[in-house]
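Paired with subunit B in one complex and with subunit C in the other, subunit A is shared by the two complexes that follow.
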Partner chain A sequence: MNGTAVLHSIIDGVLTGSVYALMATGLTLIFGVMNIINVAQGIFVILGAYLSYALSVHLGIDLFVGLAITIPTLFVVGIVVERVFLSRIKGPERVVMSILVTYAISLVIEGVLNMVFSANYVELHAWYANRSVRVFGFYLGYIYLLGFGLAVVLLGALYVMLYRTRFGSSVRASLADQTAAALIGINVRRVSTICFGLGVAVTAAGGMIYGATNAFNASSSYDLISRLLVIIVLGGMGSIGGALVAGIMMITIEDLVSVVWGPVWSNLAFFLILVVVLSLRPQGLFGKPSVRVA
Partner chain B sequence: MTGKRRLFRAFGVVSITLASLATVSTSSGASGSGTIAKGHPVLIGASLSLSGDFSGDGDAFQQGYKLWAADQNKKGGLLGHKIELKIISDASSPTQVVTNYQALISNDHVNLTFGPFSSLLTLPAARTVNRYGYAMVEGAGGAPSVFQAGLHNVFDAALPVANGLVPFAQWLASLPASQRPKTIAYATSTDPFTEPQIPVAEKIIKAAGIKTVYYKTFPAEPSDYTTIADAVAATNAQVVILGSVDVPTVSAFMQAFEQAHYNPRAFIATAGPDQGKTFLSAVGAGNSNGVMVPNAWYGGSSNPESKTMVAEFIKKYGGTASEVNADVAEAYAVGQVITAAVKATGGFNNAKIITYLHSGVTIQSVLGAVKFNNLGENNQPTAYTFQWQGAKFVEVNPATDPGATKILFPKPAWKN
Partner chain C sequence: MLRVRNVWWIGALAALVLFPLIETNPTYTSIGIFTLIFMGCATSWNMFSGYSGYINLGSAVSYGVGAYTLTLLADHLHVPGNGDLFWLIPVGGFAAMIVAVPVGLVALRVRRHTFVVITIAIFFVFQLSATNFSFTGGTSGLQLPLIPWLETNYNKPFYYAALAITVFAALLSFAVRRSRFGLQLLAIRDDEDRAAGLGVKVFAVKLTGFTMSAFAVGMGGALYAVFLGQIYPQFVFDPIFDISIALMSIFGGLGTLTGPLLGALVLESMQQYLTIRFSNGSLYLIIFGALFLIVVLFMPQGIVVYLSDWRSRRSARRAEGARVVVGEAS
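Here is the complex of A and B:
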């Protein structure tokens, strides 16, 4: 182990973690506003990856340019899913029911993807996918740098939307207390639908980067959703900043431990930290229990 | 507790007991009698990973099983009974696979069982069917842990995995000192299929004076392969042996190597490059050049049975011989072993089939000759090393084999 390797692992962790953070942000936004655990988030990421794949292979559209199509497409998919399935879930069992319903949605989408694309692994190819730039004595892949840039831009846009727009105020009010938000005239129903759409839309970007750095098939969604859920639990359910910090933290810790103690300890070390954090702060790093208790 | 509750509880216990007894007796009947009424099909059950981590392999195995069943049905089925396959998905889960075989035997009353994909799932599956007295012929459970479990009912038609890398190691050791690499890196996922292969190869390679500069295991599903691959690249080892179970692992390492401007002189992965079109699609045709994989079968095999199967596969699914996944052949061979056993024993009695397969008989299959030792390992197949050379998947080791093509060494540069 040397200093360069440690620095390299930290930078790798931050670059990759930011993409996970982006995907997890959608999940936590949906939970925060709607009180819904969207276990279909993993398959939406894969759907985003397959959409990029289809545009790239069949129409020759660059992966990043293709986002102009895939992000709005997944936004619409999210809106439809929320309107058709999730808006009907009401009552005290809403959280549990949402898990079942989104799991069912996930299985349906997985089945369709398997039928359309088969279970064979594919990967997104572009001229920059395997190239790199030398920094601090080691190489950083363009795709990771571009992925990081994309995550920063999209998370920045999300931040501006949440904190600099009227709609953002409505979202934050809904995040804090849905009943109070409704009482002051916010259309919580509409906010929920748009937030679900946004939460799903960001998976298009996450999916594209994931697909350009990993061979994937529809079943890759299972690994993804388990990691995304861990991230939002660590960050605090419903906390967007928490998802950002936890996403980067998860991958960085794993990468750092991999270099310092060996790869076989990487997962263990992260989960150990997760257990310690949750023991001290059951609501996660940035979670606010009082909001959920009400 | 009220009297009514006690009554319900007692009723429940009795019901469950009776149901269990009924299940056991039914399943025993299915495996014990070994006879099927005339005109009825023979039902063969298998659990395959049609989703989850092994879904690519599970899909290919399904193709192999179905291809065999279709071929055998064209020949009149098994002892005149049409073959029906009952395949259910285990989502690559070692716990679901147990439930699936229990259901196949207890609920579906299958006559025979075929194995799942991967050693990880084969062991719990074999234990389960063993309790019902069923034979488990399989084609993807070659890890030592499967055979060391003391089971008498498991038979692996494919190559035992422990010796898979031996031809590659021997080839490295046989190189003249001037050409022989000086350093090697080993990175392997924690899996019963990959881990046993590395020490066997390392012993040979070390004896040849090649220095190990990296030897680490990594979790089966890390969030990020980049750091592990970068650590290998940082050693600048001249040879890399990667213990992989699937295409994504190999693909991730290859991408990271290319990004690190690191091109080892030889690169072999225990699984992934043998998955034909799937591998090419993931890594890109240009980058596959020179990548090696150990196995006992490839699409260009001169074995007549294999040639016929490959032709049928291409007719049905398209592609080229090089693009046929080795899993297809391994699954097909399972069917051929069962065909021979059923014919020889004159029925579907699993106890007789187990005895027959342990009798030292040699069965011809698409994988070549199959003969089981007392552990159920196939001790006949020769381990080969295969290499992607352009768009062709060719045999390169042992070099003395008549079908061997000259090995591409050093490995050409990455080309994406």
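Here is the complex of A and C:
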């Protein structure tokens, strides 16, 4: 181990972490606006990856061009799931019920994906998937750089939407206080549906990058969702900035541990950090302390 | 006085006791053993998570600790492969309780929905540790000594051990439900701040409940290890176990006594049967997921509450009908 390797792993971590940050932002947005923990986020990522896979293998569509199809597709999937299933959940145990409903949805999708694509691991291929470019003496994979760029663009778009549009103010109002938002005339139902759609839509991009950098099958969703949940809890549930920081931080630390101590310890470090941070700061890094959560 | 409800309980218990005497096919008695293990674990899980509303999605930690404790002890104490192994099962349960204390100290500091996630994270810490440390045998797992029993009766001792765990868990859960301690757990579920305001030592109550519920789950894991004779990290620290236990309890009725028993009975035996019947695991996932969606969306309080509501509605309708008839006659 040397300084260069450490620096390299930090750069890799930031590049990969940005993609996780993007997927986690979707998850935390959904939680913040709707009080729903979407356990199906992991399988949606894999669904996005498989859609990109199908488009590139069967129709020869480039991965990034394919996003023009997969992102809207997953947006629609999200809207349908919200309208058909999630909007029916009511009552005091809403959070718990949402975990169960989305888990059941993810089981069904997992079964369908296994049937259509089999359980064999696949990987997305493109001419840039295995090439790298030399920057200041470091070899960085094109796909990592492109993924980072894509994450930045999409997060930027999300930022503009949230902070520069009228719809964005409605979303932020619903994030802060649903009842108050409804009282001043915001259609919280509509905001919720669209937010769920958006939260799911970003997984199409995340899934494409994930699939191009990892071999995956439908069961990879378990690994993904556990990481994404850790990220949003660490950042503070409902905090978008927290999801960004925690996503990049966690993946960077994971990469560092894997270089310094070995890959088997990187996963363990990932979860241990969460346990330690939450023992010191139960509301997460950027979360609001829960004064009264009924 | 023998009430109708008690007759049901006795009948159900008698059916469970008689099952392996009537059905001797090892395929089906094995299904019975797994089902009973899950019934016990779900009941014990529900005793904390159902009553307090703190959904623990890391119950496989207790299960795995129980399984590993038994296997490691059997190895170090050179326990021969016979009935002696069964005496180690409660030890597995105690080990799970001891582990649950520090886990609870960390996880119970946060409120409900964060608790769910942190239990998942702690679960992964344990799973990855079992995979990475050398004393656990890593991914190749650990073996127990073989038990040289005849194949025809092999399953019976395991079946009755599983039944004992289930009965124990149900009695404990029943006792807790009737106790002051159980009321405190329910008060925490309904309104934690108000409970604290009324003098309930919420943290101590939560930690006690959390630790108690680990016991039977740990015994379930230990029994699983003896039954299979070998353990692997991914099978005893299994994320599907975490979620299945919660699903079964909620399917049956969260926070009720019969709910987890019934939920585990239906879901686990169905799962085992479907896995044997259709070797195609994907189809099973779809059926299971779809069924579960239907239950959660249309019977959100579980089948037990749904059925009792339906029965009281029906008897209300009958009473209504009777009154109409009487009215016409007079």
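One rule holds in what follows: the second predicted complex is superposed on the first by the 288 of 294 C-alpha atoms of A that agree within 3 Å, B and C clash if a C-alpha of one lies under 4 Å from a C-alpha of the other, contacts with A are read in each partner's own complex, and residues count from 1 in each chain.
Heads up, the rule we're going with is that a residue touches a chain if its C-beta (ideal position, glycine included) is under 8 Å from a C-beta of that chain, and two chains touch if they have at least 3 such contacts.
Note that the structure is a prediction, hence the values are computed from the model and not measured.
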Given the alignment on subunit A, is it a clash or a fit between subunit B and subunit C?
clash
After lining up the shared chain so the two structures overlap, which partner does A:110 touch, if you call subunit B first and subunit C second: first, second, both or neither?
both
So in the superposed three-chain picture, is A:222 touching just subunit B, just subunit C, both, or none of them (first/second/both/neither)?
both
Report for A:267: first if it touches subunit B alone, second if subunit C alone, otherwise both or neither.
both
State whether A:12 touches subunit B only (first), subunit C only (second), both chains, or neither.
first
Output check: A:178 vs subunit B and subunit C. Expected answer is one of first, second, both, neither. What do you get?
neither
Applying the touch criterion given at the start, work out whether A:275 contacts subunit B, subunit C, both or neither, answering first, second, both or neither.
second
Using the touch definition from the top, say if A:214 reaches subunit B (first), subunit C (second), both or neither.
first
After superposition on the shared chain, which partner residues are touched by A:85: those of subunit B (first), subunit C (second), both, or neither?
second
Clash-wise, after the superposition, say which stretch of subunit B runs into subunit C: 22-30, 76-84 or 166-174.
22-30
Report, in rising order, the residues of subunit A that make contact with subunit B in one complex and with subunit C in the other.
110, 114, 222, 264, 267
Per the contact definition, I'd like the list of subunit C residues that touch subunit A in the complex.
53, 55, 57, 106, 109-114, 116-118, 120-122, 124-125, 128-129, 131-132, 191, 193, 239, 243, 246-247, 250, 254, 280-286, 288-290, 292-293, 296-297, 300
Could you please specify the touching residues of subunit B with respect to subunit A in the complex?
50-53, 55-56, 58-59, 91-92, 187, 190, 216-219, 221-224, 226-228, 230-231, 234, 246-248, 251-252, 255-256, 258-261, 275, 277-278, 281-284, 287, 414, 416
If we count contacts the way the header does, which residues on subunit A are in touch with subunit B in the complex?
5, 8-9, 12-13, 16, 20, 110, 114, 118-123, 125, 129-132, 138-141, 144, 213-220, 222-223, 227, 250-251, 254-255, 258-259, 262-264, 266-267
Give the list of subunit A residues in touch with subunit C in this complex.
37, 85, 88-89, 91, 93, 95-97, 99-101, 103-108, 110-112, 114-115, 222, 226, 229-230, 232-233, 237, 264-265, 267-268, 271-272, 274-275, 278-279, 282-284, 290, 292-294
